[in-house]
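Each remark here refers to the structure printed beneath this line.
Naming follows writing order (A, B and C), and every chain is counted from residue 1.
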Amino acid sequence: MNIRLQTIVWLVCLFISSLTVMAQQPRVRRQQRPLPTLTDTTRGPYTLVVSAGGGLSYYSTHLGVPATLEQTHVSRFGVPSSLRVMWYPDHRLRMGLETGWTTMYSYKGQVAGDNAHVYVSAIPILLVFSMPLAWLRGTDRSLVRRLAITAGTGMYVNHSRLDYAGTVFSNTNSLGWMAAASYTYPIGRKIRLAGELKWFDAVAAENAAFTAEIQFVWRAFSW
Amino acid sequence: MVILRNIVARISQSVGLLVVVASFALGQSPESWPLQPGIYFPQAPLPGKWRKSVGAVFTTTPPELTEEVRVSVPAVDFNIQRGLTKHLFLASRFQTQFVQSNLGLGLRWATPLTNRLFLSAGYDVTGWLGALQIKDVFASEAYGVETFPSISMGYKLTRDLRLTVKSEAIIDLYYRSQVGNLAVVYNRRAINGFAFTFILEQPFYNQRHVSVGIRAAYSNFNWQLWSLYDTFDRNLFYPQLIFGFIL
Amino acid sequence: MEGVYTVSNGASQFGDQAVLKWTYLFTGTDTTHYLSIFTGTDATYFNLEGTPEADSLVLKGYWRKLVNASIGEVRLILREKHNGKLQLFKGSLAPGDTLVVDGLYGDKSAALNNQLTLTYNRPLNPKPFSIMAHRSGGRTSDLLPASENSVEIIKLASRLGATGIEVDVRFTKDGVPVLYHDNTLNLRLIQKNGLTGPLEDYTYQQLSTLVRLINGEKIPTLEEALETVVNNTSLNFVWLDTKYIGPMDKVQAIQQKYRQKALLAGRNLRIIIGLPTTEAVDSYKALANKDNTPILCELDTSITRSLDARIWAPRWTLGPQTDEVLAMQAEGLTVFVWTLDEPEFIREFISQNHFDGILSNYSPVVAYYHYIEQQ
């Protein structure tokens, strides 16, 4: 599965980069927005953008099941949700905060006839930076202006729930990072729909998940 | 299986990188590039001109040293540079966490290779100093000198976005540590490790430009963690997040 | 055979001096003899077992540098230099003869093809000194063959040079005192199993069934740890570091139980309760009966005196504090310093000759500098 995931990640990179080529080339037949001047003295609009969504996650690193368990069953899939608040200034780079909730994995088994079940999930609290692939060229109709890459770093609150000889809910914080690629489709003046492929990595807890999400993007207000 | 996986991953990475670079190269028509502020991009300031930035560096502590306490330690980060000739410039950097600080001074030689690709070689010497006086815990101080020969490659990805990749060797020249009235000194010249920095420089809001990137250092010693008295003779990984406003 | 030896062949790898010291591990009525070698470079220790082969004593085992991952096998033979000629050791030395331990060592998985020659130079420094191993023997991050705070590393501690150990005591949710250092279950210390949060959230049954330390051991109870110290080792000191907040009476009861067991076994074993915080001091003060409950105070000298502690243990990062140390010793207290790992500072602290012991993750380094010290 690791091969497949790595291959998918790099295919996505290839796809993005080929689109980037298109993005950088002059589009003579399309109506172009005037180029922003890098040293313009008047600023463009700033926008606060809120996105929320959910999808499917796959736990994509090694997991440990205690050797004392018998008849074990492992699940790597989950249903993640995300909430992101971004500031879109008048240039390419965007910055914001992301949180949400992601299932990491769960397993169950038996110890001397007793059932044991462990469920692991994480809440990311991340500072994120994002950039559309094209900025100075193209329009909102252009595919590459709708494609963006996002990276973030911060903390993950790793939760575990144990059901064996009682129930224990507990959590540990872990530093980590995130990387994502998204495609955003405008469906209204202030509303967009986005698809995002994302890699979560809570480094200290060694929890990593690959997620695919659909997100509603709301351009909350501009000033 | 592992070998196959590595081969697939290597090929994918290599092809991916080639295509990314080629795509940016092909995608740009020859045109003049606007002058942009930058600190990391290997292009000398005009002779007599200054460049400055202020920001923060967040260093993630390695588990070997801080064990379960994995934190990202912020440091205030100032950079100032001055052009000497068309190719040569002075670069100084000051990082501080108030109880410990680091001042660097270096010389860089930079040249364009094409209208988009730039190269520089640099040599920096830094001095660091830390002091902790905490009742029942610390009566300690330390200082040292390190040097960093470096090479940077810069590439103008688009008109507004510039990527710099910098590789550095980290060489220890001097280290002195004191607890109470007892001191130890190491003054052997030793290669301490190496670091790679990836920085994007671009406009952020209005006319304000920023440097954003990461530095991955693999080193035997990190001045910010002097008070943990690292005893390992092996390189540890210190990832850093760099964010700076170019003034 | 114990002593300070001069290293000739092998000095570039291990330095020019080495300390040879025998240790013992008891299993029931059996005793296993180990020869440890401590050298002055890179916190190196040798773990050797002696086996008689033909008419010679062969010492086989491994060497390891704690500061990095260097490791290799070693095979040495005991010889004597008689009238300038090297011959197999016959069991006793004539006047003028010198013991020589020589043989071959390897590097990582490589064959044994490097010469090592150790020639007896002088006896070990006889001054009493406590060499205390942190976390029951050493840190997991030093890639030791046993996990920190495990029964297995307690058995290894003497071979690492320790004469005593410090153990970290916490309570499970159902009140069982166990050995564990960190505030949370984390992958520095345990094998991956998904469980997070404080150890105190879990019952002993949950921990013992589902949690394994990084090298596969169970988290030991305090009683299992002390049982090992009393029955299997020749360690003479156990420092119970108070990592919990709350009543101390269970730990006190266990400390007194194993003090009695040690006395019955004819062992000179001190088990003391360490007080690192004001909360621990409060727990100690709350004990109904403080008889036969020796304590060690890590706080300042005035608190140490007010508690009538017999041991004061300041942090090494406060420096040698020579005046305070001498004053406390003049009042009959023992003074240790913790947790000192930096080899050059270990050398300086020992050469200053004031402290009665050092707590360290690098007991091989402390042992080396202590035993080579010349009075």
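By our rule, a residue touches a chain if its C-beta (ideal position, glycine included) is under 8 Å from a C-beta of that chain, and two chains touch if they have at least 3 such contacts.
None of the values given here were measured: they were computed from a predicted structure.
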{"item": "Per-chain Cα centre nearest the global Cα centre, belonging to chain", "value": "B"}
{"item": "Between the pairs A-B and B-C, the one where more C-beta pairs touch", "value": "A-B"}
{"item": "Approximate Å spacing (C-alpha centroids) for the pair chain A, chain C", "value": "48"}
{"item": "Cα-centroid distance, chain A relative to chain B, in whole angstrom", "value": "27"}
{"item": "Chain centre separation in whole Å, for chain C relative to chain B (CA means)", "value": "40"}
{"item": "Contacts with 2+ other chains: residues of chain A", "value": "204"}
{"item": "Multi-chain contact residues (two or more partners), chain B", "value": "63"}
{"item": "Residues within chain C bordering two or more other chains", "value": "184, 186"}
{"item": "Residue numbers on chain B that touch chain C, as the complex places them", "value": "63-64, 67-68, 132, 135-140, 177-182, 184, 186, 227, 229, 231-234"}
{"item": "Chain A contact footprint on chain B (complex, rising order)", "value": "4-5, 8-9, 12-13, 15-16, 19-20, 22-24, 26-29, 34, 36, 58, 60, 63, 70-72, 158-161, 200, 202-207, 210, 212, 241"}
{"item": "Chain B contact footprint on chain C (complex, rising order)", "value": "42-43, 65, 67-69, 141, 182-184, 186, 188-189, 299-300, 314-321, 341-345, 348-349, 352, 361-362"}
{"item": "Residues on chain A engaged by chain B in the complex (per definition of touch)", "value": "2-3, 6-7, 9-11, 13-14, 17-18, 20-26, 38-41, 43, 46, 89-93, 95, 129, 131, 135-136, 153, 174-175, 203-204"}
{"item": "In the complex, chain C residues that touch chain A", "value": "173, 184-187, 191-198, 201-203, 205-206, 209-212"}
